[in-house]
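Below are structures written as structure tokens.
You will see chain A twice below: alongside chain B first, and alongside chain C after that.
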Partner chain A sequence: MVNRPLEYDYTVAKMFMLTTVVLGIVGMLIGVILAFELAFPGINLILGDKLAEYTNFSRLRPLHTDAVIFGFTLSGVFATWYYVGQRVLKVSMAESKLLMSVGKLHFWLYIVVVAAAVFSLFAGVTTSKEYAEFEWPIDIGVVVVWVLFGVSMFGLIGIRREKSLYISVWYYIATFLGIAMLYLFNNMEIPTMLATSPAGETGIGSWYHSVSMYSGTNDALVQWWYGHNAVAFGFTVPIVAMIYYFLPKESGQAIYSYKLSLLSFWGLMFVYLWAGGHHLLYSTVPDWMQTMASVFSVILILPSWGSAINMLLTMKGQWQQVAASPLIKFMVLASTFYMFSTLEGPIQAIKSVNAIAHFTDWIVGHVHDGVLGWVGFMIMSALFHMAPRVFKRELYSKSLMATQFWIQTLGVILYFTSMWISGITQGMMWRAHDEFGNLAYSFIDTVTVLHPYYVIRGVGGLLYLIGFLMFAYNIYKTMSSRPVEERELQNATPMGA
Partner chain B sequence: MFHWLEKHPFFFAVGVFLVIAFAGLIEILPNFAQASRPVIGTAPYSTLELTGRHIYIKNSCNACHSQLVRPFKSETDRYGHYSLSGEYAYDRPFLWGSKRTGPDLMRVGNYRTTDWHENHMKEPSAVVPSSIMPAYRWLFTNKSDIETAYAEQLTVAKNFGVPYNKPVSMKDGSSKTVKMGASVAEAKSIALEEAKVIAADMRDQDVKDAVANGQIPEIVALIAYLNSLK
Partner chain C sequence: MDIAQLQAYGYFVLITLLVLVLYGYIYHLYSKRKDADGVDYESYSNMALKDDIEDALVSAIPDENVPLEGTKKK
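This part shows the complex of A and B:
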């Protein structure tokens, strides 16, 4: 065999980079519209009374969450896997025709499922369960896409040259297994078209409708075991996989501690799943589960901070890079937001705090400092690092990236601070009593008072979206510029006169 | 051990799976052993109520309204008795929600009327000044899908033993039988009878005419569902 460096094949990675950008824009744009609908309800009718059904807050809300989770984030996870996977396993996708076809099929089926999901959510076809809104035909599609991802991943692992799995691969494997388990069990449902009436009629009603296998409290328990851990295995685990690869690569520093990564990984795997019940505090779920959920949520600080501190210490002695490189800024702030968000979550999971926080905007704020500050920043960092390498071109503009960093950071800060104030204000007003023991405020009082914070949140979201459009433009210009080798060489010897 | 696992992806994956599946086994299985049992006074949804529940879900009402009263004085003062597990026995899916942009609806049937909902859905801010809830005017023209609700009734009666056409004990010691049709045609006529009762309390002439002609606008089914929440 000829002894030359491996030529990695980024065909599939490029495809998923594209959907990361496009679905990111779609999801965030819908988010901004939703934010302004709460501040200015007239926007619900933005396309007129006839189309109000489709521009309405409640119809759009699942579209926003699903577009950013299953669109933006999952695309980012797939794109980085098809990049990182080859490099840390020291094997090219070009070496296996089968794996290449599986990868491409994975992408195209993913597109079909996304299109079906968008269409069905606009039409109001939903099971109502958060982040599991899809009805059974789409669920089957999701499962097929996920199996293809698994085949792709384990296939590549199977033909690897580097025998030891790098830390990022641990996290990608966990992502695959975790989502597979959660999604399957939470979406157990019976299609109602299978029913037969006493009169012998079959196939009654919509063919796509189904009914959950679980009822009431059990249904809630399974849903939040899923809902919380979809956050774990969609928003935490694969993003940690990314930072373990991209931060050392971009900074040229080795991971600070292998032992700390071991502790964080296995700790996160064991602890995270217990915490789902913190979405159900003071509900009708058995008390011992609520207590377990609170306790484990607090313990969860350890493995989460383990990863984040490991990342920050990786920069030890190299902090001047934070000032010099906007990309390092993004990643360092991402791990800082990860620490911040994983401290805020456990605080909200303490029962007495949850009594105020639950059902309010503080929860929305918590989700967003996690996803905007941590997930969004990290996925964009990954793509910024990948773009020059997969397209073999210089990054279009570093100063645009730096401007984007500050605009988005400001956006995130406006977002979570306004939601803190809004959430705590509303939580306190709901429970306020006057000196005679009567409720101090009617419900609408606790809504109108939030108006200024809803406006600030909308502006924060808009700034983040503007930053994301700058990111998209930067990537587009990078992609469409002339390749490096075609350009005039800067330091070439002048042609002899 | 860890170094060995990192060189053996299969065993690594098995290890990860066991570690993440553990919590689910401990937390979820025991609760399933004692399946949801209804409390006295909880009856299955009628055909029209279930149709309304589908409309509630279709429009993601649960994105802004919870159906879970927590055991705090401030909540029981505002919404009524705190929720009991058995009250949700026939809720597939559960609709507790996770955000209260609007008030809780667990017992809205106790303090709002058909008339109130009709006006409110047409123009929320006309009933609750400065409300940020959007209007749901298309519910007055869209027609309800009774057949799907009927198919769901058949499914839950067969698979989960939901007691349709069987007497269910009520709080006052009486019993109530929720009827489920023997055919699509009968299910529709049962739903229409229920719809007539609701439409009688409504003002919208188009809705009244539609019901008189045997059609059920979505708003009628939705109000039937909201009135059933007690």
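This part shows the complex of A and C:
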């Protein structure tokens, strides 16, 4: 046997890169269909009356959200962990057969759970809790996948050579612990076959159905503690982990202030978990709890901007790179969108603003400038940086990447501006009344007014999807382009025409 | 004093404590500037910039803590 020098082993990272791309296409495609269904309701019946059950908005909506959160984003988190983790800990997966097997098992079991989730949601089997729609058998699968991720992560940390943990590793650990706690507590449920109704009936419903262990306001509180922190520990914390590695690496610049990264980390951990109640303003939740959620939401600007400004300042004196490299453009814009959504969110959480914003399209706009502009851009940047290194190829096309950047940026801008206008219009129209307190508008009046904005939103989403398909094509072509010498890969990604 | 009042005082004390700990940590970071091993926090950035497997470590785990193959960690 030839004694080869030790190398990082990206087998598992490559597997998760594939699911990031595939599930990204699925989630975004369904999103675009949904956007056009809202603008043109006839599309709900596009495959005819018989299949309407599978094509209507309410059946597809959880597929869109769950495919983007648990498919695209989590795959991206796993793919980058299996890449970044080895490199900053300076240990190869090839050094431990056990960790390699756990990593592969993690991937294959993840695929099984994704397939089960897609099948069950298409079939209409759901707990009807937002972002927690999976029924109990799938929840158990999710927990097993998550435990395997934890074993992989702490296993790799356990055999590391570098004593200190790089800031990204802290964020990945927080992702693991945060989601573990949130998912377990929000999905506490009792299979209906084990429950007894007040009338004394037992063995109710199908074996896979369940009811939440909480009820009423408590259920809502736990749900939104979960829902908002799914944003925290799924869409923020691991994405910050990515930018702290990939932006310095791609630009060749040290983090502007490592100390600021540490205190922003603890600030974020300290504040985020208290903010979930802002989803329940003006509800039956105790008033002090609503106020607390508002206050913590506003404080949240500080640690969020701490990280975002740290990233922008990392580019200090190197702004020519933004013009020269489309990959740096993606990351700088991602960071900017992060600042933007972490300012917009706290504004919406202020009670008086929320009185207009609640239940309107403005909230939908907020989620999408975060997920399309920050999460999507950062995960694609990470994969663009990783692809040449894991496949040992030059990136297929720089100009395709630049075109994609502008198409998607336009898409995001169309998306959130149309939702701002429609959301605020909606909020104002719902509240408008005459001097006797009679409502000035009926619901259909708002629908008529909002139609053009819904069309613009659909077009924005479509542009983003087209950009994502360009990304998928670029990554696919990279896999089959000419191999390059590894020394060319020190910092910036080598890019073709 | 009823339970709700106790909860409120407990909550206030907890928050104050956590704020003090956080600010204490910030003061510690900026006054000490180095971790317990004497490594400047700012040089931690090199963990990302110099991350090839043969690159120098920022701070290595002492040899005696790294188990050799077939031996148990002490």
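As a working rule, the second predicted complex is superposed on the first by the 464 of 497 C-alpha atoms of A that agree within 3 Å, B and C clash if a C-alpha of one lies under 4 Å from a C-alpha of the other, contacts with A are read in each partner's own complex, and residues count from 1 in each chain.
As a convention for this text, a contact is a pair of C-beta atoms (placed from the backbone, for glycine too) under 8 Å apart; a residue touches a chain by one contact, two chains touch by 3 or more.
Quantities reported herein were computed from a predicted structural model and do not represent experimental measurements.
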* Could you say whether A:Tyr245 touches chain B, chain C, both of them, or neither, answering first, second, both or neither? => second
* Asked: If you stack the two complexes on chain A, which partner ends up touching A:Thr196: first (chain B), second (chain C), both, or neither?
  -> first
* Asked: So, does A:Gly124 touch the first partner chain B, the second partner chain C, both, or neither?
  -> first
* Mind working out whether A:Ala323 is in touch with chain B, chain C, both or neither, as first, second, both or neither? => neither
* To do: Examine A:Leu262 and indicate which partner it touches, taking first as chain B and second as chain C; both and neither are also allowed.
  => both
* To do: Once the structures are superposed on A, label A:Phe270 by its partner contacts, choosing first (chain B), second (chain C), both or neither.
  => both
* Classify the contacts of A:Ser164 with the two partner chains as first (chain B alone), second (chain C alone), both, or neither. => both
* More chain A residues in contact [chain B versus chain C] -> B
* Structure fact -> Going through chain A, the residues touched by chain B and also by chain C turn out to be 163-164, 262, 266, 270
* Asked: Which part of chain A faces chain B closely enough to touch in the complex?
  -> 37-38, 41, 44-45, 49, 52-53, 56-59, 61-62, 124-130, 154, 157-158, 163-165, 170, 173-174, 177-178, 181, 185, 190, 192-199, 201, 204-206, 209, 211-212, 214-223, 225, 262, 266, 269-270, 272-274, 276-277, 279-280, 282-286, 289, 292, 355, 358-360, 363-364, 430-433, 438-439, 443-444, 447-448
* Complex contacts: residues of chain C adjacent to chain A -> 18, 22, 25-26, 29-30, 33, 35, 37, 39, 41-42, 44-49, 51-55, 57-61, 66
* Asked: What residues of chain A sit close enough to touch chain C in their complex?
  -> 5-8, 87-88, 90, 92, 160-164, 166-168, 244-245, 248-249, 252, 254-255, 257-259, 262-263, 266-267, 270, 491
* Structure fact -> Note: in the complex, chain B contacts chain A through residues 2-3, 6-7, 9, 12-13, 16-17, 19-24, 27-28, 31-32, 35-36, 54, 57-64, 66, 68, 70-75, 77-78, 83-103, 125, 128-138, 145, 147-152, 154-156, 158-160, 181-184, 186-187
